[in-house]
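Next up, some structures in structure tokens.
Consider the two complexes below, in which subunit A is the common component and subunit B and subunit C are the respective partners.
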Partner chain A sequence: MAALRKGFIDTGKIAPVLPALALADFSLKSRTGFKGSGAASWLAAQGLVLPDDPNQACTDAQGRMVARLSWGEFLLLGDFAGLEKAWSYESAPMCFPLPRQDSHAWIVVSGEVAPKMMAKICGIDLRPQVFPKGAIAQTSVARLNAIIIADQIGGRGGFHLLSDGSTSQYLWDCLVDAMLEFEGAPVRSEALSKETHGQTDAQG
Partner chain B sequence: MKIMNCPLNGPRNISEFAYGGEVKPVPAADAPTPDWADYVYYHDNQPGIVREWWLHVPTSYWFVAVRDVTSDKIIATYRPEEAPP
Partner chain C sequence: MTRLPAPWGQWIDRGQDISFTFEGRKITAHPGDSVASALLANGQRLIGRSFKYHRPRGIFSAAGWDANTLVQTGSKPNVNAERLLAVDGLSVSAVNYAGSLDRDWGRLVEKFSKLLAAGFYYKTFFTPRIAWKFWEPVIRHMAGLGRVDEKAPHAYYDKEYLFADVAVVGAGPAGLSAALEAARTGASVLLIDEEPEIGGSLNWARDGSDDLKNRVRAEKGIEILTGACVQALFDDNWLEIVKGNRLYKLRAKAVVAATGCYWLPMVFRHNDLPGVMLGSALQRLLRLWGVAPGKRAVVATANDEGYAVALDLADAGIEVAAISDLRPHRDEGRFAQEAGKRGMRILQGAAPFEAHEKNNRLASVDLVQAASGQFQERIDCDLLALSAGRIPASGLLSHAGAKFAHEAHMDLPSALPAHLFAAGSVNGRFSLASALADGALAGALAAKDAGFAAEIPPSVGRDALGVTHPWPIITHPKGMEFVDLDEDVQVKDIQASMADGYEHIQLLKRYSTSGMGPSQGKLFWPHVQRLMAKAKGVTPAEIGASTIRPPMGGETLGHLAGRAFEPVRLSAMHKRHLELGAVMMPAGAWMRPAYYGSDERAIDQEAKAVRDGVGLIDVSTLGGLDVRGPDAAVFLERLYTWTYAKLAVGRARYVLMCDQTGVVIDDGVAARLHEQHFYVTATTSGVDRVFRLMQWYNAQWRLRVDIAQVTSAYAAVNLAGPKARDVLARAGTDIDIKKEAFPYLGVRQGLVAGIPVRILRIGFVGELGYEIHCPAQYGEALWDGLMAAGQDFGIAPFGVEAQRILRLEKGHIIIGQDTDALTHPFEIGMDWAVKMDKPFFAGQAALRAHLEKAPVRKLVGFALENDKGPLPKECHLVIEKGDIAGRLTSVVRSPSLGRVIGMAFVKPEQAGLGNLFDIRVDGGAMVQARVVALPFYDPKSQRQEM
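What follows is the complex of A and B.
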């Protein structure tokens, strides 16, 4: 029987149609990670294409995202259950699982005006000309530590935000407040997930 | 806002960093207690250019900064596994 998952966030009122700036809670979707000096070589041996440098992300043929957070730390967004099953202490030297499902909330912001909105709560320049698709910033967002990944979400520019689950309601409320002046609003994750990570909520 | 260059993440606001003490050699595991007490509790605290441990908090990444503690100017930062500049 599949394990039941509970979200971190009370999303509040959901917009019936997709607004120009949208916010969605992806926390029920699958994600995991691996860390260690042997992580890159083991993941590559499993057939994953890895970004060459830290703070870069790439998307595979199935729409899953591989984010390289440092020389030896990887965040995997999407269904990587096969990798988790393949891992063992003996078969993956100096490579250790770093589960993210229960530690980090996954919030998505989508819309061309998203960098302008994020500038209110984050000190990093997230405009697409300096922070293109696949760029990662691990920084402070609304005074919380967060991972920001630029991507095309729902057919337009946007960001994945991963932040501590225990403070995710605060972050969500800050984002909802910040997007008010841009007429942004929360939407259901299905509204943005068709082109993202090749999975549905039922799978995740 | 003061800016520090993190070797992993690039330039970031100083508010994202935490100070971790002077860089000094770790005594051997069987070193005398006074040596360990000196390592844990005492600091040179001299003016001039010093090497210090700093932490980029959002990534829990430790690195070394070369800083002039008289002028509070950060001269260089580098990965701990690299040779000092």
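What follows is the complex of A and C.
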């Protein structure tokens, strides 16, 4: 039986070896989110270590990433199924789950030249000296709203890009186009998730 | 091809030959050549023709400061050959000639130059009025340079952002020094120059060296961007830079403008001939490209640098027939002294009066005594080098709003805006030592401004005196002394413009066209300033500095337009639509199936399938919003016109949103999934606005509510038609879908085909319908499951066009099509969805006011009386007694009803059932329509509730 869940991106030709700049579709990996004025306290009560400030991300012992998008909004990259099960209107007042698994595509860019490539489609300075690991930008990428999170991916500097799922093919195509001059190429998601720190690099 | 031996020609690779064509002729070049330098090396001195008089033109600045050498390369018009790198296989042609470049009959215009004084076109062509019909095509034919190739292939242009703590524009001595000093503090420095190599005048001037360049190249904190033109400096240190086909947007914390100077030409009769050129142009040709552009030269100077040019020419083996020095007294500079020691012929107080032409180029020059105007001598020469002074290249400073003061016969910056620093000759520091010191100072100040700890070196004073001559203009009774090469503006044109009353620089520029050409008066503006001052009897300082506006160099529409980012939204089922042969149409950024099949006949078949059996439409584009929290119902009560407080969990209700003026702005459905949770749909195009408004109101009302935009998180289909329930059952669901268990306007959550779903029983198309929403990643599987389950029931996919017919038959409005920016609910028959007795909702106060006024229009359903004739279209006008009485909002030929039906705004007095009204159709014909009751189809709504 065919899998019921599907990513939306036609990733095209996949590079046989990890290129200097690699692009991968992480969209089928687990992620979720919580939002609301009670989100921080409920998540903390569940034992999650939260970044102190908005636009900061941290990684827990299992290699999962907790990204704080505002005082009351959290994007969780990795397997947080336990949290989703524990949640209810009654147990988590003013804390609401977000369907991040389906609302946002998750695309990963890895390679030291990634900031230079991103500068072709995004106006934020993403150079590591000003946008280090764990920094978050909620901004426009190729005219799309996007969340950019700096991380070490595949043992190299890179970014998690989360953007509206319906425009994921468009964004993918923009990225592939922007990567051409750097000899970047799409790779399988496994090529980037297996080498990252901890269990994974925020993979589900 | 003739070249000087090394070390002349440091930019060319003599080991390789390449070739391109110019006017069909093969030109051999070396890598590193510009097209202009290669042409000259091949003896091609004539490169273009002037705009107005078609005079012969060649290299004048060798730096792209003028428009003499604009050429066409393939589809690209007006490329400056002095800035265009020669590459193998390039095809180059000259612009603006008629006949051949050598024999241009367009030059006949010069014979009539006396009739073509400044502003002649303002005075000439408008009387009699009929004359314009003759002149307009003639003028249009003559206007412009180059050819627009309408079949040019689409080229790839794009953009890139750049970031730096300190941006240094100009990599001459001052810029190099500034970059080094700024980098020393730890600041990230971006050094930008339009030349292919850093160094500026160090590369071509007589006293150049490589030491400073090498130190900059070795400095890790300095990023170098060469071959890049800074077009503009906008607010907040936003620099627009063009390199190749890319436009860079640089945001720097601080900017150093070390943009240097242009060399000031002299003005005399025929100062535009090929062979007459700036001294700096000659030095560039010799040192950068190893090209000796002539055999016998005269150097006309007014400063020490002219003597350096003469020495360089002599060193390169070119005979220097004389140095004509405009000044009465001998220069004491080191180059003048060296020229004297070498026995060069120096004519003190002499100036060029007229250049003579032979075979489209310079043949000789007449010199006069500058003080008396007395003829001195004629000298045969094929080169005339000009060195009258400098013009600070202050364009970027001007863009940023710098103030200037007239000092030492130049406009030098006197006040700079914050975060901007000037260095080097643009700032009045001309000697190498003072330029380096000034650069270091600016670099340190810029780094400090950017937040770095910098030691500030001492400042050095300006050394601008004696650099620029106050009046390097030698008029001639026969004119043709050009003060603008781009537009062929002569001295007399400036004088005539002043006489016509255009005494302000901004007016004079436009009237005389001086400075209005491609080079924007870079080289000749100071002359115009001097001429205006003389005519007005004031000082040049009182005339003031010209405002220089972006862009600084050639900026194409491609640079501005490319790369276009046009997001496209695709639903989870997009691939399936394509496989089924859908014709896709845009709906905002979304792509939706208009219909499935090869032609529009499919639309009626799709509508029929829904009416008779079952159809499936992708409605994923519908907006989705999760409104959650203890006050969710209160929030909806305040936001929408109807009431939701008592809506039971498991039920859905129509929502209608008005703005504060009572205008209908969106609609949808609110489905209550939990006491604290409403899943609210909105229109495809309206959801972003609705989401923004919800957040806006939530911030004000401070209710215990959270709003999430979940449009993309859910794929959705509408399974509609009398057999919809059968298909749903066949697909497999754990929801009890019997009519009694799941009635019309019910909402359920469960599984369909193993997929988690939210199902809303609503009926936009007027049939038994299930709007099924599922997590987007399951969308394709849901579509597949329902299509497979519906196979035995004849399920047909249907598109937006069929849905538009079906909903119109059912009398459902589309917000934005059947409403406009003034429509309130009462004029579209939505009274039933407005609870005016609620304490408050957005737009309520305005709607109260509407109720107190007499209505001005009404949306009615209509049917055509005779649908065999011309058919009306949407937006055709309703006419009453010759006046506009309304307009059609929707019209279709209904396959279910077999007649043309629609909706229209009419006057209230026309809205009575059975009334006839007139519609004006294409071509002006009138057709009659009759007001009929809505809905047209299934008036008792039995089918959607079955």
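Here, the second predicted complex is superposed on the first by the 190 of 204 C-alpha atoms of A that agree within 3 Å, B and C clash if a C-alpha of one lies under 4 Å from a C-alpha of the other, contacts with A are read in each partner's own complex, and residues count from 1 in each chain.
Criterion: a residue touches a chain if its C-beta (ideal position, glycine included) is under 8 Å from a C-beta of that chain, and two chains touch if they have at least 3 such contacts.
All values reported here derive from a predicted model rather than from experimental measurement.
Of the two partner chains placed by superposition, only subunit C is touched by A:F96; subunit B is not. Comparing subunit B with subunit C, more residues of subunit A are touched by C. Contacts of A:F182 after superposition: neither subunit B nor subunit C is touched. Within the superposed three-chain model, A:K6 lies in touch with subunit C and out of touch with subunit B [touch as defined at top].
With both structures placed on the common chain, the touch criterion links A:A137 to subunit B but leaves subunit C unconnected. In the superposition on chain A, A:L69 makes contact with subunit B only, while subunit C stays out of contact range. Contact with subunit C, but none with subunit B, is seen for A:Y170 once the two complexes are overlaid on the shared chain.
In the superposition on chain A, contact of A:G123 is made with both subunit B and subunit C. Across the superposed pair, subunit B and subunit C both touch subunit A at residues 123. Remark: subunit B residues 1, 8-10, 12-13, 15-16, 56-59, 61 touch subunit A in the complex. Remark: subunit A residues 54-55, 69-70, 123, 137-140, 145-147 touch subunit B in the complex. Against subunit A, the residues of subunit C that register as touching in their complex are 158-163, 188, 249, 251, 563, 565-572, 574, 589-590, 620, 626, 628-630, 674-677, 704, 706, 708, 710-714, 754-755, 775-778, 780-781. On subunit A, the positions that touch subunit C within their shared complex are 2, 4-8, 27-28, 35-37, 89, 93-94, 96, 98-104, 119-125, 127, 129-130, 142-144, 164-167, 169-171, 174, 177.
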